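My structure is below; once you've seen it, I'll send some questions.
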Amino acid sequence: MSRVLYPGRFQPFHKGHLKVLLKLLDEFDEVVVAVGSAQEAFTCRNPFTAGERLEMINNVLKSEGVGRDRYWLIPVPDIRMPPAWTSYLLAMVPVVDAVATGNPHVAYLYEWLGLRVLKLKLYEPDRFNGTLIRRLMCSGGDWRSRVPGVVAEYIDRVNGVERVRRVCSSAC
Amino acid sequence: MSRVLYPGRFQPFHKGHLKVLLKLLDEFDEVVVAVGSAQEAFTCRNPFTAGERLEMINNVLKSEGVGRDRYWLIPVPDIRMPPAWTSYLLAMVPVVDAVATGNPHVAYLYEWLGLRVLKLKLYEPDRFNGTLIRRLMCSGGDWRSRVPGVVAEYIDRVNGVERVRRVCSSAC
Amino acid sequence: MSRVLYPGRFQPFHKGHLKVLLKLLDEFDEVVVAVGSAQEAFTCRNPFTAGERLEMINNVLKSEGVGRDRYWLIPVPDIRMPPAWTSYLLAMVPVVDAVATGNPHVAYLYEWLGLRVLKLKLYEPDRFNGTLIRRLMCSGGDWRSRVPGVVAEYIDRVNGVERVRRVCSSAC
Amino acid sequence: MSRVLYPGRFQPFHKGHLKVLLKLLDEFDEVVVAVGSAQEAFTCRNPFTAGERLEMINNVLKSEGVGRDRYWLIPVPDIRMPPAWTSYLLAMVPVVDAVATGNPHVAYLYEWLGLRVLKLKLYEPDRFNGTLIRRLMCSGGDWRSRVPGVVAEYIDRVNGVERVRRVCSSAC
Amino acid sequence: MSRVLYPGRFQPFHKGHLKVLLKLLDEFDEVVVAVGSAQEAFTCRNPFTAGERLEMINNVLKSEGVGRDRYWLIPVPDIRMPPAWTSYLLAMVPVVDAVATGNPHVAYLYEWLGLRVLKLKLYEPDRFNGTLIRRLMCSGGDWRSRVPGVVAEYIDRVNGVERVRRVCSSAC
Amino acid sequence: MSRVLYPGRFQPFHKGHLKVLLKLLDEFDEVVVAVGSAQEAFTCRNPFTAGERLEMINNVLKSEGVGRDRYWLIPVPDIRMPPAWTSYLLAMVPVVDAVATGNPHVAYLYEWLGLRVLKLKLYEPDRFNGTLIRRLMCSGGDWRSRVPGVVAEYIDRVNGVERVRRVCSSAC
């Protein structure tokens, strides 16, 4: 049985994340999705609560027909001590064989601990990245085409666009 | 759709927990199991990592035939600020309708925040409680009959009895 | 008896704050002024200690003839976990009926908890805001006319202008 | 103008505390009462929130006829780093001339920082101490005669006895 | 070049510690002594500051003729998240080949991370242990013969016995 | 015996630091070098672990012929509470007579505590500063001439340039 850890903030979960996640589900028996900065919410950089992010990802994988026993959804608060954060995270999840990340900082930390690291190639990072999508939500641009349909629905249901506009007002 | 939050430390998950959890699964569409003191491990009071506890509970519910989409398993580190911990926890999980707890401290905290609290009656707490079960593991007593079979298997696989004995040595 | 919570950083307390505070004192029996980021001091963004900020506000309200039993002055350190911070703060102050804030982030957090939120209209925010006033102190501009007279006196007494200049040097 | 810092947990505020506080009010122009462990509530050791403790003390001093401008009431969360806690606390309160404490641990910490420390003689500590009073509340003993009348009233209003009984159940 | 990590609280550094440390200095080129609970001081369990403990150990090794380039003295504050603490500590010290510990909790944590662990046999733990030595200081018993001479001198210089007596009063 | 505290981040240790440190070694019997932000590593602003920074500084002082008993190397994690950080740091190091710093924020904090502060004049800060040197490493500029030779060797040995390039990628 093989298992990979896939950490991210997912503010919000977009099509780039989905592409990577489906690929990991092809290659591993199980994927542990770690939803980072879980203690943050209602800020411009982290508008959605961890709970909302868990639900978004769960809805997407359900709509993609991925069995619920193929993935774990784990919220992880920051501890602002990078080397400590790595083993902190490892202790919070079922045992994994590798860590998949596109973030060189995270990659270094896990290599330093001696773990196997899969360095992800991000999928069209210029189109699919959280900062850009939040900015589009803020400015009335086309953010919908960058996230899976069920994520757009979820965001509408929680009035996510209005939320992002208000908490990012000075940055819009 | 109804959802209830069920927090606990589950060191280890025993038959009293299972009885309560199955009852909550009867009454609610989904149960969010919050595995507390998630940052602790390899101590006498918290011998198992949060990841191990997640796996134990998942194995039990699978063996009981509970569908994976009926429950969420969420590790939650302590923050040692009780009033803050409540909303911290609420932000980390999908929206819930109530909190189920047998712990009066936790009940007070959520009532103080205005949440609906189900005060659980513990199931034979003299036989099924974590402190007693860890002590039995320590002293060579009959701990196996107090936990679901798949939990006993899991504990054996990770050499849990030896672990408890060593980290509790002075308290055995 | 009605009571409202009014959180802010007050670096320093200026005429915009005073306008809002006097209005809240008209509408409520008591105002709980929560002095945030209380653990910060001697930085460019937070040059004054919480203790100094408490004294500034107390001096202003005394000079305005507001009775000491009409307000509470409570320093509150950041805990960098926004959803937890809200209930943390509620537990540290006498029970309040509402929260008054001009900050959409804070408003969302308290609404999420189910509290009554008064969304404040800031008073001439282009003239009366902390960032601008600190910049004027730094550059030798006219900061005095933007703060109540007793605040200017207090700042002079603790050599506040020199302090801001030195700790903000690179940003002056 | 002279000012003294008087730290304590005040769970609850009792006649021993009052005796000391009135004496400090005789000797200093102002007393800064620091309500410690402010982040704790609804536990057996810390049943009352910081906000409740602030109100209890305020009610007592009002009933004693002490002017509201003679004292400051400041909640202070623990930071569990004793040497850091001292300067943390000093930064959160108006400047003080001395610290008054009956706790040798606190006395050492402030002496180590170079502050003037008044070593308090506790007033009949065998009759007036928080642990004992909470135990009496728990067991149905006579706790009322050990706290000022207005504190007893306040505790009744928030159902404090029932609270202590429930959260201390195993220790009653 | 070989290097071993030797963590402990050293409250105070006693002859059992010295025996172990000299043995490690025989077997490794360098020893990294990690002085734990460094944020604690002036409590009954941790009467001495981290700085004082560093000096005690340095004085002892000097008097034993151990070259200053054979050992590192590193204070390490607790972070109360055991699995995180391990990698936190590894990041704070020069790279080590192994960890030497007599504490099974610490041994498990490092084994869990994949490190080489030397399980130390404590040297006459019934005679040489910190708890006992602090109790002897408290009760006027013979603590001097249990610590190296230069440690006794150091403790006398900082009035350590009086300190222990006062902060441990209720436990003496 | 005189001792001075010299705090810094040393990312990396450069010739400006060395100049200051040698001067302090001329004026004091011992220098306590406090390596700050010790909990950070593998980020653009803090690429090197605390352990690596300790080794760099130790190698430099050895190559300069400074006796190992003339200096202490102490890693200090941030606690993000500036006034608390000062006494936290003082408790972690041997007793010092003064603090030497070129940082006005740090100078204010120690003056506020009543300590003697030496305000350092930085040595050619336009040439020798960490931000600039990391930027040069990133862009392929001449960083080597700005750090002592043994530091350049150390950085090469740990592939420091590649590390800085990867973790700073967006800022290069």
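Going in written order, the chains are labelled A, B, C, D, E and F, and every chain counts its residues from 1.
Basically, a residue touches a chain if its C-beta (ideal position, glycine included) is under 8 Å from a C-beta of that chain, and two chains touch if they have at least 3 such contacts.
Everything quoted here is computed from the prediction, not taken from an experiment.
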Seminar exercise, completed: In contact with chain D and chain F alike are the chains C, E
Exercise. Through how few touching steps can chain A be joined to chain D?
Worked result: 2
Problem set entry | Cα-centroid distance, chain A relative to chain B, in whole angstrom | 26
For this session: Express in whole angstrom the distance between the two chain centres, defined as the mean CA positions of chain C and chain E.
Result: 46
For this session: Indicate the whole-number Å distance between the mean C-alpha point of chain C and the mean C-alpha point of chain F.
Result: 36
Exercise. Which chain B residues sit where two or more other chains touch them?
Worked result: 39, 41, 49, 77, 80-81, 83-84, 88, 90-91, 112
For this session: Name the shape of the chain contact graph, picking from line, ring, star, complete and other.
Result: other
Seminar exercise, completed: A full list of chain pairs that touch reads A-B, A-C, A-E, A-F, B-C, B-D, B-E, C-D, C-F, D-E, D-F, E-F
Problem set entry | In the complex with chain C, residue positions of chain D that touch it | 38-39, 41, 49-52, 54-55, 62, 67-69, 72-75, 77, 88, 90-95
For this session: In the complex, go through chain F and note every residue touching chain D.
Result: 79, 81, 83-88, 90-91, 112-114
Exercise. Where on chain B does chain E make contact in their complex?
Worked result: 39-43, 49, 77, 80, 163, 166-167, 169
Exercise. In their shared complex, at which residues does chain B touch chain D?
Worked result: 80-84, 104-105, 108-109, 112
